[in-house]
């Protein structure tokens, strides 16, 4: 849990912020707020910040509910890697449950949801839709890692101003 | 303390049952939302407006609850609209397909206007 | 750095969020945003949230500038302990400089600042003024710890509503 | 990237030199603020308004810069006012004692009105 899965796959300058949360629903909001504020300060547009907030909340919720099975003592590790032109957000749980590979490419439909008892299954799909890059891997000890990237399309350095939309 | 942050209340305007949702719409919202829906349905509401306020957090569990409401609304031949959603959550509602079954309005007034002529 | 200085001075239920930041000015804003968002979600009033934001930003800035001497590789550890009726925020640096005890009780005056070359020295004073409790201690290896507490005076659980002012 | 987040610009209205400060006022602001102050002083400004906008972060290093400006303002017999500060930073200005040397107004209009009769 303490080693950084992605710290060496690029050269500096990059800076990493680590966040460790208890595995209790509600605390995903703190990760969401922290990453959202960081993205905003990096110059991401409001719609991109919102997309990241939702994607991260889903990933942390999954880590709490599935990966750590709501065990309060288990931690969810969120790493925010600030690069010149992108923000990398990774979420790791402690792997009390293995993430099925076939869950990763599901495309849920609302019509199916109408007739199912379990109307869930939108989280991973939303993550995939909302960020620029996403990667699911298994770490040491069976921990599940989700690595999400959003790219900064900036034309100027002004705060919030002059960024091109996407 | 951080878990449940939703206040749900019911009112009526122009023959529309308005369910105000203030706060987070997550798994903790299920009972509150379903209870409110059942209540307005029991008193015969045919037009229902979910009026979102200060919702900076609606997650996939919240979406699933709303899909459940749509299922019931279709079964009971009611009409469902939403108002007050941020641009972001309007986008999410479109992505998921909820917008095919729910009329999305910017605010309450627009929604009441739209539902009146529906 | 990895041990929790305050984890055992109270019984549960309390939950801890850990945040590790690079020692680079600007990153104190991320701690400030994260703690501010947490405090808001706990139900603290806006003025109390702002006070905490400023106090924490000052403590993290000191950790970056003084305690860690701007050494990017050194981390600042921020621990947010959520309790029923209070929020405990502690900041630890890696102690490359020892915090002089006589800096802790300074009461700066603006008139003195007018005639001094160094107009600083307001940080610790602001921290003391803005939070309900503050404690400075030295941890293992000479690291400096600042522990700040703000009390939640709530009459209801409504979000932002019904809290008494202070 | 997270370091410097301040935009400083100068304008004039009703014989008041207005320095707009948009963003964070921290140690990185020193050169920008001092340059702006020197510029308006060189062109003979007697009344200066620091107009804060979207400042959700002013820290003790920023306060120290402003104390420096007050020092110069006193030396040069100018009048200094601020506008646009949030309630929180108005409180901080009072705590530090800056409010004894700077007139604090809610917004630009109020400040221009106050400075006109000063």
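We just call them A, B, C and D in the order they show up, numbering each chain from 1.
Throughout what follows, contacts are C-beta pairs under 8 Å (C-beta built on N, C-alpha and C of every residue); 3 or more make two chains touch, one makes a residue touch a chain.
Worth saying up front: this structure is predicted, and the values here are computed from it rather than measured.
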item	value
Selected interface, C-D versus A-D, where C-beta contact pairs are more numerous	C-D
Gap in Å, rounded to a whole number, between the CA centres of chain D and chain C	27
Length of the line joining the C-alpha centres of chain A and chain D, rounded to whole Å	40
Between chain D and chain B, distance of the C-alpha-averaged centres to the nearest whole Å	46
Chain A residues counted as touching two or more neighbouring chains	24, 27, 29-30, 38, 41
Residue numbers of chain B (touch at least two other chains)	1-2, 5
Touch-based graph of the chains, sorted into line, ring, star, complete or other	other
Complete list of chain pairs which touch one another	A-B, A-C, A-D, B-C, C-D
Residue numbers on chain A that touch chain C, as the complex places them	2, 15-22, 24, 27, 29-30, 33-34, 37-38, 41, 72, 80
Residue ranges of chain C in contact with chain B within the complex	38, 41-43, 82, 84, 158-159
Residues of chain C touching chain D in the complex	24-27, 29-30, 32, 47, 50-51, 54, 57-58, 61, 109-111, 113-114, 119-120, 122-123, 126, 129
Complex interface listing, chain B residues touching chain C	1-2, 5, 7, 22-23, 54
Of chain B, residues touching chain A in the complex	1-5, 24, 26-28, 57, 59-61, 63-65, 67-68, 70-71, 74, 86-88, 91-92, 95-98, 100-101
